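Submitted below is the structure of interest, expressed as structure tokens.
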Amino acid sequence: MCAAASRGPSSRSAEPSVAEGAGKAGQRLDGAPTARVIVAGASGFAGALAAQLVWRHPHLELVEVTSRSDAGRPLSDLYPRYRVPLELAELDPGRIEADAAIVAYPHGVSAPVVADMRGLGLSVVDLSADFRLGDLPTYEHWYGEHGAPDLLEGAVYGLTELHRDAVREAELVANPGCYPTAALLALAPLAREGLIDDVVVDAKSGISGSGRGGGDANHFVTLDENTTPYKTEGHRHEPEISEQLRIAGGRDVPLTFVPHLLPLDQGELVSCYVRPSREISQDEAEELFRGAYENEPFVEVAEAPPGVRDVRDTNLCRIRVVSRPDRLLVFAAIDNLWKGAAGQAIQNLNLMLGLPETEGLE
Amino acid sequence: MCAAASRGPSSRSAEPSVAEGAGKAGQRLDGAPTARVIVAGASGFAGALAAQLVWRHPHLELVEVTSRSDAGRPLSDLYPRYRVPLELAELDPGRIEADAAIVAYPHGVSAPVVADMRGLGLSVVDLSADFRLGDLPTYEHWYGEHGAPDLLEGAVYGLTELHRDAVREAELVANPGCYPTAALLALAPLAREGLIDDVVVDAKSGISGSGRGGGDANHFVTLDENTTPYKTEGHRHEPEISEQLRIAGGRDVPLTFVPHLLPLDQGELVSCYVRPSREISQDEAEELFRGAYENEPFVEVAEAPPGVRDVRDTNLCRIRVVSRPDRLLVFAAIDNLWKGAAGQAIQNLNLMLGLPETEGLE
Amino acid sequence: MCAAASRGPSSRSAEPSVAEGAGKAGQRLDGAPTARVIVAGASGFAGALAAQLVWRHPHLELVEVTSRSDAGRPLSDLYPRYRVPLELAELDPGRIEADAAIVAYPHGVSAPVVADMRGLGLSVVDLSADFRLGDLPTYEHWYGEHGAPDLLEGAVYGLTELHRDAVREAELVANPGCYPTAALLALAPLAREGLIDDVVVDAKSGISGSGRGGGDANHFVTLDENTTPYKTEGHRHEPEISEQLRIAGGRDVPLTFVPHLLPLDQGELVSCYVRPSREISQDEAEELFRGAYENEPFVEVAEAPPGVRDVRDTNLCRIRVVSRPDRLLVFAAIDNLWKGAAGQAIQNLNLMLGLPETEGLE
Amino acid sequence: MCAAASRGPSSRSAEPSVAEGAGKAGQRLDGAPTARVIVAGASGFAGALAAQLVWRHPHLELVEVTSRSDAGRPLSDLYPRYRVPLELAELDPGRIEADAAIVAYPHGVSAPVVADMRGLGLSVVDLSADFRLGDLPTYEHWYGEHGAPDLLEGAVYGLTELHRDAVREAELVANPGCYPTAALLALAPLAREGLIDDVVVDAKSGISGSGRGGGDANHFVTLDENTTPYKTEGHRHEPEISEQLRIAGGRDVPLTFVPHLLPLDQGELVSCYVRPSREISQDEAEELFRGAYENEPFVEVAEAPPGVRDVRDTNLCRIRVVSRPDRLLVFAAIDNLWKGAAGQAIQNLNLMLGLPETEGLE
């Protein structure tokens, strides 16, 4: 049975939540119940893709899409490519009829919305940073006051490959940042074995990672034929990566992280330069990574350097490890909107709802 | 002698206006006087390039750059590539010390500024549409009320190759739109001979033609891997092209003009599909174009289809004519910011000031 | 029952051709038989996508992929993004075990291969131009000698929306060129009503339309930040469009067609400038197009200009019609590799095999 | 006096080598003698730009352009943008009439050509790697047998800012690789002070750095919307950087260097992650770099992260240093074809010929 059914408060879901729309009915394969999902903040890049992935998912029903800035507009006006035939609404917690929510609001704005959703009993995947850091002072240092600190403890960090069992049991999942997703998939197998003395992560992202706003900063003419580092004094994904490396390996890992913008739309590559605690041969390194990911549906250990184009519009992370005399190099490519945001949100939601992990993502 | 010297009001230019900056002094070739130029609206794409072209020009001195939105910022913050070491100022007509002005304000905003400049005796090249159309009702139909209609009659339409002698005598030049520049260079040799029964102009422009604003519309993610027509019901460059074709040939030329956006920065291509009034062979067509442009420093008649990359960062227009059974095809490529805006402004200013037409543009 | 089953010669398909691969089995929804498909020429852009679409199709089994130039290499080496785990083979007609073929060889090379396939009883969709033109002399003028002229008469021109019933009955379908696909979907509703006096088609294509070869011509540095017309003296898609317009409307339609290259990967826009035989209002024009396409799963009649990004990685054609005083403008956007090649091939194959037309394309 | 005059063998330059072409005469400023320059290998990206820079240089005369693959073609067919009106010739050492040469042949091919040129008494700037490494075994390890080992000792490594005095006296200059140029300008100020314990250099280059060939590898469709590391096991620019760091600081500097391709034309960014030998504050770091480069015409020490667009089509290197707790970050952006190849070649040639260092590069 779909986990969502037992979780949705019965007073609000007395009727079976099976989709009835003609267009979607054709996708129902087996009469299994369908979880009703709201996507809050669907006018941003990640939220819009999340809405599309829910829309085309065989066991999820997209019941509502909301937006603070574009309420009243059809989502397909903003994203014709996604062809989701719903209109963006103002979020009104009083009339939510759903089993689960994907929340794609900005950091800080998200926490109170998540609290409302949780109060209504919904399973929530939050795409903001609000519940990613277990350490409240670290959060406050980078993001300011927290809007729902009491929910922090129950939140699960949703890098699925690292915390699958916890995600399965979670009612609130903090979806990781795009850079941490790629960096941690690249580094976790080494961190777990205590093999990292220190690491430099040089990250490169397509422009969709910058979000829909930005004025001059995201103008085509600013970014075309350009590449530039940014947040060179420190980026807030750095403590997120550090905390998870510490959790994985049980000790602090000195980390230098610098992001760069690339003149492309979707795609992210992290190049990790590890000073290993001992010499590791190419064979051992490859074996370690293959072992770590052999049963993972969304991680590929490649034999050549990965390109972001190899994973575009997929939920895959493609990894290559290279042993050099004093360094271990690990390269990981993802689509920042998929595995780095909306795709991983569906992956997590599938687990939370008792659905097959890969459903709707292939 | 530099024409500007005689035109600048003596009370405001008592001292010789020879530049003294060390960096520029090395570029002074011959001790000739230098015209002092203000660029108003230098924070936009065309205005900023105009400022740079003035800055590096051997006989122009860039005395001031102004901006409505970015006053107080160094121009090199906005356009590091241009390396113009001046700070943007608020425009204050009361303290202008210049012989000439390039005005790059938006349509409607420009006319009153131009009127002020002319009142001070400056030679003016205006990059807006405010003085391009000789017919006031047509202007008002497309742009609204006119801010300085009394100046219309004295203004010269600055498509240099078509109106060189008038530009030389002008004190106010209306710099053509980027699309009209390319389209008219492509069509004028035919229009003059009465050879056009009707014409379709399919125009394609890089994104810098859209200007610095635009929010979503100019966001990298909107435009990358995309192309789209716009203003399909009618674009205000259409009456500008029509009026000039009528002037060139003495009769109305039915015209359909549609612009498209391309995912590139600078560059513009017009593809003109002419229904000729009589059959014209390939040889005759080529001879007509070569004859029309043989002495033009900035027009190339090519033997292969032109690419916008061929003319990037130049003031050149590259043209190819192809005769087909029932059509004459003319393709013209320019850099929309150079020949389509700032480059042609310098070309016109050179003529107005008695300088060699190509100076500062090679 | 799957049409393919009856068509495959029994001697070669004694066993039921249900796929047995574990990875694919999960996609079998209902136990229906599966047609076995070979993709010949799978190392080119269109062939590779065709292979992927067959691979992920619920009722097609990809049994073989061949290549003249890359035999022996895994297809995923060339196209990691598609994740088809087959190795490219030399084509050997003697050991083909399939019910249907998609042939993606170059013009001229294709015809004899198609003849072999047809000799073995396979249903064939040919992506080359070899069977598109009904008129042999026209073919020979543009492409040279024909390799299998006796098959011409039985071939069906596979612009599905125009010839659906014939495709359903066909054993050999000539998949249209990418430009004709977009141009004919834009123009057929008008041609059928005899409304076109003449038409200019200005077409713009992403680089994948140029194919995998090309040397300098397809080098990133040649194409980046560039746009250029090509084949301006005449492109061989022109007679293909003309023939189909004549078939649709019963009379010759004067046509000028010029293609241009855009600096993007997948995507194609045609801008059609029709001189109508009588005045047609905006309302009438929109009604005509909506009526023509209201039941079409892959054609969208839009209310705003289409962008190629709107249809990227889909089998959709998005059309906008605009009435102007003396012209009717029709813009159509497709993904040149999908609706312009491999997607439409699947659409046709579905019909030929008795499968739902949209299967595997959503 | 122009150094070239004294160097050219008198028998071959009996006549004064002042250019007589009308187009160039206008650029002669002062009647000074002009050095006659041949560009060998002008059909590649760097060679073609070198040809253009010589062509437009006020005191250089471009007397010949050669090509192994494209002899007989006008250079402007291959590079219309550069407008150099010469035809590519086969290189024939027997009829060279020049004072200096820029050689832009591939590694290995270059050395014997350089030897010929030197035998004729020409001053030579070689763009290949053949004379960059002082250590012959290292050369042979990375490039194979050396074609003119006896010339190695007299060759000067032409990173102008590091070896200006030696370049001034040199008759053979080995122009640095593009990556070493950016990396060494970023690291030399630190290396000289012995401040680098180890360093990771993550380098990112536009596609022109890959050269004109490449087939699939340089196809637009391969590179568009992509980024990928390459030569991850080791790139031959690494020993070049190491050798120069050792020369600068008098000790070995552990170095990890990995290059990446970006979807843009010209531009290169290196991100250097230095483990410093002692703590260095932001102020000290900035002061160190400002001091090192305060009089350099082509190095900018910036206060914000550099973008490659900031230096496009210039000979500038733009550097930013950032101090973090355990790392010193140095970012350097150049145009790989200018400062990374042809621009620096002119800079070196100016010095070798006694001309102002910046001439022809502003």
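General remarks:
Letters A, B, C and D mark the chains in the order given here, with residues in each chain numbered from 1 onward.
What we mean here is this: a contact is a pair of C-beta atoms (placed from the backbone, for glycine too) under 8 Å apart; a residue touches a chain by one contact, two chains touch by 3 or more.
In this text the structure is predicted, and so the values were computed from the model without any measurement.
Of all chains in the assembly, those touching subunit B and also subunit D are A, C.
Relative to subunit D, the chain whose mean Cα position lies farthest away is C.
Mean C-alpha position of subunit A lies 47 Å from that of subunit B. Per-chain Cα centroids separate subunit A from subunit D by 43 Å. Looking at subunit B, residues 222, 224-225, 263-265, 307, 309, 312 sit in touch with two or more other chains.
Touching subunit B in their complex are the following residues of subunit C: 198, 200, 202, 204, 206, 222, 224-230, 232-234, 254, 256, 258, 260, 262-267, 269, 271, 273, 305-309, 312, 320, 322, 324, 326-327, 329, 331, 333. The part of subunit D that touches subunit B in the complex is made up of residues 29, 56, 80-81, 224-225, 307, 309-314, 318, 362. Looking at the complex, you find that subunit B touches subunit A at residues 45, 78, 207-208, 212, 214-216, 218-225, 263-265.
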